[in-house]
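What follows is a set of structures to go through.
Below, chain A partners chain B and then partners chain C, in two separate complexes.
== the complex of A and B ==
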């Protein structure tokens, strides 16, 4: 009897989770994370300096540091230093980054990253104001997605090229140190939440710093405008996302797809903030975490097929797509306005551009 | 009668302080002005090549070109350029044979930070000095955690204090020299506040840069630089900045202390501490150049001298003194003001222009993609 009761309880809990509104849960987690990673330092909270999110050290109240700033500093060294015992620190940092990353995989972007949260809030504002949004066309999507890998490559290469000469070429100017931080919108926008406007400046030290600081301001402005018209605008170009994808297979949080159960209705790709189409089209891959995915699990919520999409921790299912859950979240209606509100309908407001 | 008694008492105390002041002014000050010893981060020209500025705060370290060779098993000595250091009892970690338990028996040695001993008030002309064996001195290094760390005085051609900085944060180095000046015991306290920070180590402790450490158990009299509200490990004093210093005697603020600040560029200012023991000074922008010529990483130095005479009967090394004269020096660097090479106005202009252009671009793009409504009527009757 006890065993039956336990099983019944397990089924009840599973049903409760599968029917729950993960997006609402995500909203609160994002809100808490934003306060933690922007103001946590004021409460003497320390989380770490190799975090897989934009916990920007330029924010006075930041309780930690983004891994990208660390790696740029570490690579701002001569080959002799990198290949000396001091270079072990580079591996150590990578190890710390991976330990953090392992737990949440790319859900760091979807649930924790303050810059991602900010983009979601801008999207909410756009919805409230009734403006339409845009999606990239298929060709643009394919072409633009490589930008994040180029940025990742450059943020590794530039610090190295400041201290070392490649093929006898001259050294890059010191003004380009931490190149990604100089152009990162987090450096300029997140400090504004603590009342710090000191990052809005053009540095006239030398031509390189003039170029980099101006580019940073241009990107910050594009970030605000872009996020207003395109959901998760910056995540598409984010080198952290590219870096995370390189290690996403070892993450303990996984998202899997059962292609046999998929009817290719396209709900999953329609609700995707990034606009990943493979999630609907790819019925062969089990691991459905793509390089642009931020593991927000909206796709699992919008899938009406039993267990077609699942969120797993190692091999344990924690959230699965169910018909009951789908109807609980979206309601049993064919009303186009209702479906459009939930992003399940390609209305005239949603254009491929 | 009572009034006369009180008047005599006041007269006596005024005379005592006046005599102390006159002694300080005419006898001690000229001696002190010549004798002021301070700790400097600037190397003498003879050591320019050996010294390397390390980290973002450009602290002087001894240049180490090669790392020590991995010792062969059974070898008695480490054959490397650190051979000398290996013999030194404070550097046992470099030799495998001397300390087999040491985890780091080879590889690059930890950096040796250097502070030079200099005498005189002028930063550019103060001479590099060495202390005699007979000099009564005490050299102390305190870690950010408030623990005593190793520091030694190396007496080569030029004297310097040599030490390691292993933790992130502010280290305090003190060189205290006691000297007999007749009826006065002269205590020269040369203080250096050294910020050890490397961005490689991350920035998770940046808020800890704020607390100011002072140690009444090491020196009765001390001057501290108060931290600015937004100060972190990346903070630099810069010309045009307002800085506040506080005089502390036996752990309590001390009013009326004469403090003189001299900068490398020759600017000098004398002030007295207020009732809270504080004085604020704005480092004037003492050099000007066009932005193309400005080296924003250039560090200039300033030296702060504080004098305080205490009328107190004390006995030191078997001799009685009527006065103690404290002479404290503290040197640090300052950089060009950020306003000299960065502009928020230009930043806002770039930011706003980009926003306006991108919003206009999106609006035009969307408008151009709008197709006018067209009604297509099929005439089915023709079929």
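== the complex of A and C ==
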């Protein structure tokens, strides 16, 4: 008897979660994370410096550091150092990064990254003003999506090429150290939230720094304009996203698709902030986390087919697409006249009483 | 002089066809209602929707424009949002077939003939007199009807549908096509498409879909309702007031739920569970489901554009503004559609295979109207896939003429018997 009760409870909880509005939950998590990763340092919070998000150390209140800055520093060494016992620290920090990363997988981008959150807020602003958004066409999407891999490759290569010569080529100038940070919009924009405008500058030390920091300013401006017209504009080019995707398959948090249940209606790709189309069109892959995915789970919310899309922790389902959930989120009217016609106004009142 | 005789002829044709139509409707209704002993109280509403109306009476609000559509690819959310009433006028009446034949070559699908005849003779459901007929360019036969608008005496609007649905180009084309339709409808109705109105109408259709999906879930769980009744419910959606339809389906669903609890089922556990697909059965052309069920089977799923296909696919809007709502509505009519007019159409095979499993189907009856190339051509591939998965399939070709029912009955009889045999062996 107890077992049945427990099972009933389980079903009830499951139903509650599947009917819930994950996007609203995500909004609050993002808000909390933003405060944590921009102001946490002021409260003596220390999270580590190998984080899989743009927790930027240039922000005064940052409680930790982004792994990309670490990796650029570590690779700013000669081959001899890298292959000496000191090189082990490179592996060690990769390990720490992975431990962090594997817990949330790409949901770090969708739920935690302060730069991602900022873009979502800019989107909210655009919506409030009633402007339409822009989407990439199929061809440009395919062409542009490789940029993040190129950036990742460069941020690894440039520090190495400062200290080492490749194929007898001359060393790159020292001014290009931590090249990605120099062009990263997080370095310029996030400090603004602590009232720090000191990152808006061009470093006149040498030609290399002039070029890199000017590029940084241009990219920061593009970031603001871009994310106003295009949802999650920057994430599409983010080298962190590229790095994460290399390890996404072994993440603990997973998102799976049952292609047999999919009608390819495209609801999921319609609501996708990035504009991933495979989520709707691919009916063969089970693991449906693509390289641009940020695991915001809006697609699961928008899917009306029972269990076609599922969020899992290892092998436990934690959030599934359901018919009921879909209609709760997308189909229910809030028009009182309409509710009354369907006799829903009264039944809701009765429930309240 | 000749003009007078022409109108005379028309009037005579209209009179006789209307008499035949009323006879046909009453006969089919009595078959659907009286030949089956068990009656659901909740079905009464839907049966009554099909009873012939007196001349001069109309089912539709008089102060609103009436927009007819010839296919499910017309976004009704937009019609509702513009304060107009949509009605789908695909016809299943044999009595209108003859009038349509005068305009068309012999080897044309009876549904197209009948629809054309029904428009010409004003024999549309609920005495509809549409202000505009929207004709989507889906199948070749249907789309060419619009060219006869002058002869038929109704204004047609061609809604361009792409021949494929998978590519980005097709989607763009379709979305533009829908936007163009919005402009046309704004002109016809004299209303502007407004954000709040469209949102409301999306939700209104969504509520109907939610109720329909609940209905299908109940059918999946237990054989509580015959397919012939299910077919009438979805057919009523063609022309019924959508809110009333939803409310009455809800009442019926509650009744079905109660019946499942009390285990009052319409057939025994051994009855063959049949899936119907192919050319759509539209009232009063109900021969296939009625026959299947008279022979002891039960239709548990219809993969027809007159049933599940019309009501299953949903609209998901990310930003509730016109710039996102109109494309979202457009998408729902293109991307999940399993109309054979699209190529490739693998989604249809996947949908049927999923339904086979979900609804525990024993066999498929694939119906093709004489002259319907598209469904005929797809029957081969679908038959192969189903047989590969171990399901029996019966292909039947039929016309609207009820006289050639004999062969259909014999073939269905044999098919049902073989399914029953298989079930017994298990």
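Basically, the second predicted complex is superposed on the first by the 331 of 353 C-alpha atoms of A that agree within 3 Å, B and C clash if a C-alpha of one lies under 4 Å from a C-alpha of the other, contacts with A are read in each partner's own complex, and residues count from 1 in each chain.
Basically, a residue touches a chain if its C-beta (ideal position, glycine included) is under 8 Å from a C-beta of that chain, and two chains touch if they have at least 3 such contacts.
This structure is a prediction, so every number in the text was calculated from the model and none was measured.
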Touching partner for A:271 - first (chain B), second (chain C), both, neither: second
First (chain B), second (chain C), both or neither touched by A:203: first
Which partner, chain B or chain C, touches more chain A residues: B
Contacts of A:229 with chain B and chain C, given as first, second, both or neither: first
Touched partner set for A:57, first chain B, second chain C, both or neither: first
First (chain B), second (chain C), both or neither touched by A:97: neither
Which of chain B and chain C A:133 touches, first, second, both or neither: second
Chain B versus chain C as contact partner of A:327, first or second or both or neither: second
For the chain A and chain B complex, residues of the former touching the latter: 41, 44, 46-50, 57, 60, 62-65, 69-70, 73-74, 84-86, 89, 174, 196-198, 200-205, 213-214, 217-218, 220-222, 224-226, 229, 351, 353
Complex interface listing, chain B residues touching chain A: 67, 107-108, 198-207, 230, 232, 291, 294, 296-297, 341-344, 346-348, 350-352, 354-355, 358-359, 362, 365, 369
Of chain C, residues touching chain A in the complex: 166, 168, 200, 203-204, 206-207, 209-210, 213, 217, 243, 246-247, 250, 312-319, 321, 323-324, 327-328, 331-332, 335-336, 347, 350-351, 353-354
Residue numbers on chain A that touch chain C, as the complex places them: 127, 130, 132-133, 137-138, 260-268, 270-271, 280-281, 283, 298, 302, 304, 323, 326-327, 330-333, 335, 338, 341-343
